[in-house]
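Both of the next two complexes hold subunit A, though its partner changes from subunit B to subunit C.
After this line comes the complex of A and B, so read on.
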């Protein structure tokens, strides 16, 4: 019993000893990240969005089903004609109701909708970004590592063909065939955005595999898998991180564009859908309080991803 | 130095050849071009005995690194075989290869590239142990790594274990690379220019360490370097490579004291001597290293060689033949044409011959007129050319002046031939060494009877 305990204690210590240098390295990376204020700003914006998506109820003044004049559901009465004519209502504070960004033509609070939409945008951005990294990075690694063989050739020709697909028309056809759901939109975005990932990672791998530490690993007897995942991938991941951020931003914007074109899941809240609604109801030039918040929210989310990507590039590729 | 003879060789290399770029592009296939592979290593044979330090020297691009990489199975040879401890390494089973990887290691040239920047020193050094399943427990592995790090002079090892390569100096990095090679307790280590990227001030330290480790770990080294003083310092035996061929090999001291191959001689002359007061001899070689894609026929060194062998019926001096042969090469390369001569005073064929017979070599090998004109012209009377050769040269020069380079080349091709260009010299034992040169074809430096005045006419050397 006593020996077992001391063994596990030793294990704990050895695990700590193993990870200590990596934590130290992470800390240095963080120092480098914070050197640029822009990255910190991006991170703060993203954290706010993350909090919004985790607990929108805490931040939003109402629930998304809240209607001006009538309040939270269950709603028993109806709006009077005069009340309907006053919608979309400009920002109102306390009288006749509280809606800091005003309301839309249905009487829902714009701020509430903006906050509730963050979840959808985050989901689409991260899911599409990660999906395209998950496809693009391994394919790029394999293609680069087996550079100049039929494997590489096959993957690259496939990438070339995919590049030929025009983005929006392809997405429209895909969504039209498979139905308008958020999942299908994510798949559509990922299918077209992993290409850049793949090509960049391939190029990086081609140069990394000529480094003598890769040859040194081969001399030590390392398998191809070990070389790819232990020696090349850690050196490629930082770049793919930059691409993940950019893909995420691109996905959010693409989703908004699709929603604006009417290709969106109408049961979900999203900024693109808000813009589509203001367009279809004809209030673009009349209700600025409805038009501007979703636009800015969209822009800030894309910007935060880009800012983070920008700062990550500095962390992963330091230039003194 | 012949202690090697009674032992079994650890590594036997036989007729090794490595061609790169053998595959063709689509365009080449369509146009029906033949592939022109780079002949990086072409027919090298070498035995390495247990406990020896064997040096491989040569200019950049002579194939010495490729040779080293084939010995550790980073490249597979195109032709020929490598036997390690009696076993052919070119097609081994998985098991045999595993065993081989434990016994053969390599130290690379650039310590800034040979360590993975994202692995700690511990991870880097322990990796061969992990891959080969040599030590199971983490703590034992760590102890082994500590021990090796202290052996290579990185002590106390605790300071280094968790460091990343970017925190270390060049010398420390190379010591880590050495530790990584030693951790599996190998028998044979290929060192590819191990100190060339290090500061001169710390080179000696690393070299002495490698010597110490050799006796401690009972190692055999193959030492690849372009630095001859390093080879002289480190190695028992040496091989000199030129364009993928091993031109001379034998005990280091013998090679340095009395180089037999003309290339070895030129290579040693090219090294600056630090000893004061001694008149330095410079390399007596013309031109540059040809492309390994299209190496010269016969002996690959013959277009640059100072001791090129004239044909048996040559009546002039060897120097005259060398000059005439250079003239032919210049015409073939298109270096000699009326336009290429800038001063404009060459209008007659005679003047062109005088210009073409000059040699681009250091001053001590030139004739008086050459020195006086800055290597622009040589006095024909100073060159002991047979009359009919002189006539052929003039004829060729006339053809060149008339703009018919093809005719000039064919005229010269018929008149000036040498056995050096016709067949490739086989390595011949000559004393303690093996030399691949036609001058030693029948086993000694005296095999020059046929070429008569050959050597004696070369500019005074001794």
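After this line comes the complex of A and C, so read on.
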């Protein structure tokens, strides 16, 4: 009994001893991160969007199928001609219904749609960012580690080829081939946006592999795979997180650009689709309450990714 | 002169050429795998199978795919870009007519963006961490996050729709009442280009700023900056003449990379502003399955990017004596 207790006490101490430096390092990183106000602001915005995408019903005043004058579905009556003519309805006091940001031309609440669209943007941003990191980082690592061999040469020529294809038109072709769904838009964005990750990671790897600890790992008999993934990758990960954030921001904007060109997934609510609807119904310069909120929401999401990315860059910059 | 060997240069040119060939093959495969064919728009419901067959025959669609591919590659080597079914014109004429218009829009944005961006980046990098730096930097990141068509809409809404200061579409006045002289045409184009260029540079300058800022910050710790300060030169002289010059080299690389980014921007902007350039036809060509035009425009853009990348590598060796090419890079 007594020995067991002392054993577990030792265990606890040794676990704490093992984990303390890591927690300490994490705390120091967090302190450095919070030095940058924009990083904190970006994180707060992103948390709000995350909450929106997890539980949009809590934050939105209505469901996305809500229609002004008629209320929530199931809708039995129809809009009168006069009511239809008053749509899109600007935000105003004394309305017979409650729509804080006004309504669109179908009578759906703009604020509701903006909140319900956060999910799609979050999904596209994170998925496309992660996918392009998953392609770009390993390729960059391999290319850098085998620098000046045929493997490096082949990967670099492939990057050159991909660079020669202009991003947006190429994306249109890819999306058109596979059909316009959110998944295909994500795949298309990932296929076209991993190049910068690859090149930067390659450059980092080229300088890292000359360090003495890589040499000693090699002398100790570690395999190439082990050196790449155990010794070099941890040092490259911070910079690749920066690129992940930037790719995520780029993906959110790219989705909106695709939607502008008519290549939006019409089955899912998204800010790009809202903007596309304004264009196709011809209210771009007439319904500011419908034009501005989705754009601001999109801008803030992309900006929060950029903010986080650039503060991470400062945190992980070893020179400071 | 001696820093670049002829052998290296020749190798780079051959590799660039091969890259172009691969890009062309990729384009051929990708465009052919899109659903639909470009003769769909020519077929009406009243046509007999024989007529449709004749259309297929005239456009060479009955040949096996590999023959079409070989023909395509041979034609492009000899500068024969074919004929567009939707525009009913030679593709080459179409490109020659539209390329300068895109270059005017593109070039002015590029130049303005690469004057403002590095200048702002220079100041922010020099005074990194100050309140001024933080506020300007976060604002510029906000600008960078805007979708380009949305900001153009806002500009059009305020400047054109509400204030009616500048035109929002086309390159020329549609039915001009003024005399058609060189001066008036130039004024007219400037008048029409103002809004698109404004929208595009509003976002575009941030890209070069983002590259300039960290390199400028690195340069501040260099010995020669310290020396220049110690010599008693003014802060301004040290910043502009000594630090900024060296920080400009990565910006030049970034300029080439951002070429592709600017192409995206101009594709969208040309569509928003009805600018009759290449960006406008590439989208409609892809959507209408007008393969001859789509292939040619993609090819021209790829050519532009590949040649620019080759040129920067070569020009670099003159800018920066530390870079040596051809010795295992």
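We take it that the second predicted complex is superposed on the first by the 297 of 320 C-alpha atoms of A that agree within 3 Å, B and C clash if a C-alpha of one lies under 4 Å from a C-alpha of the other, contacts with A are read in each partner's own complex, and residues count from 1 in each chain.
The rule is simple: a contact is a pair of C-beta atoms (placed from the backbone, for glycine too) under 8 Å apart; a residue touches a chain by one contact, two chains touch by 3 or more.
Fair warning: this is a prediction, and the values are worked out from it, not measured in the lab.
Of the two partner chains placed by superposition, A:139 touches none, neither subunit B nor subunit C. By the touch criterion defined above, A:226 lies against subunit B but remains apart from subunit C after alignment on the C-alpha atoms of chain A. When the shared chain is aligned, subunit B comes close enough to touch A:25, but subunit C does not. With both structures placed on the common chain, the touch criterion links A:110 to neither subunit B nor subunit C.
Judged by the touch definition given at the top, the superposed model places A:299 against subunit C, while subunit B stays out of reach. Counting the residues of subunit A that each partner touches, subunit B and subunit C differ, and the larger count belongs to C. Of the two partner chains placed by superposition, only subunit B is touched by A:215; subunit C is not.
The contact surfaces that subunit B and subunit C form on subunit A in the two complexes do not overlap at any residue. Here subunit C touches subunit A in the complex through residues 15, 19-20, 22-23, 26-27, 30-31, 33-35, 134, 137-138, 141-142, 144-151, 153-154, 156-157, 161, 214, 218, 257, 260-261, 263-264, 267-268, 271, 282-283, 286-287, 294, 297-298, 301-302, 305-306, 309, 328-329, going by the rule given at the top. Against subunit B, the residues of subunit A that register as touching in their complex are 10, 14, 17-18, 20-21, 24-25, 211-213, 215-223, 226, 231, 234-235.
Contact residues on subunit B toward subunit A in their complex (touch as defined above): 69, 72-74, 97-98, 101-102, 104-106, 108-110, 113-118, 120, 127-128, 131-132, 138-139, 142, 162-164, 177, 180, 184. Those residues of subunit A that touch subunit C in the shared complex are 37-38, 41, 148, 157, 160-161, 163-170, 172-174, 176-177, 196, 249, 253, 256-257, 260-262, 272, 275, 284-285, 288, 291-292, 295, 298-303, 306-307, 310, 313, 319.
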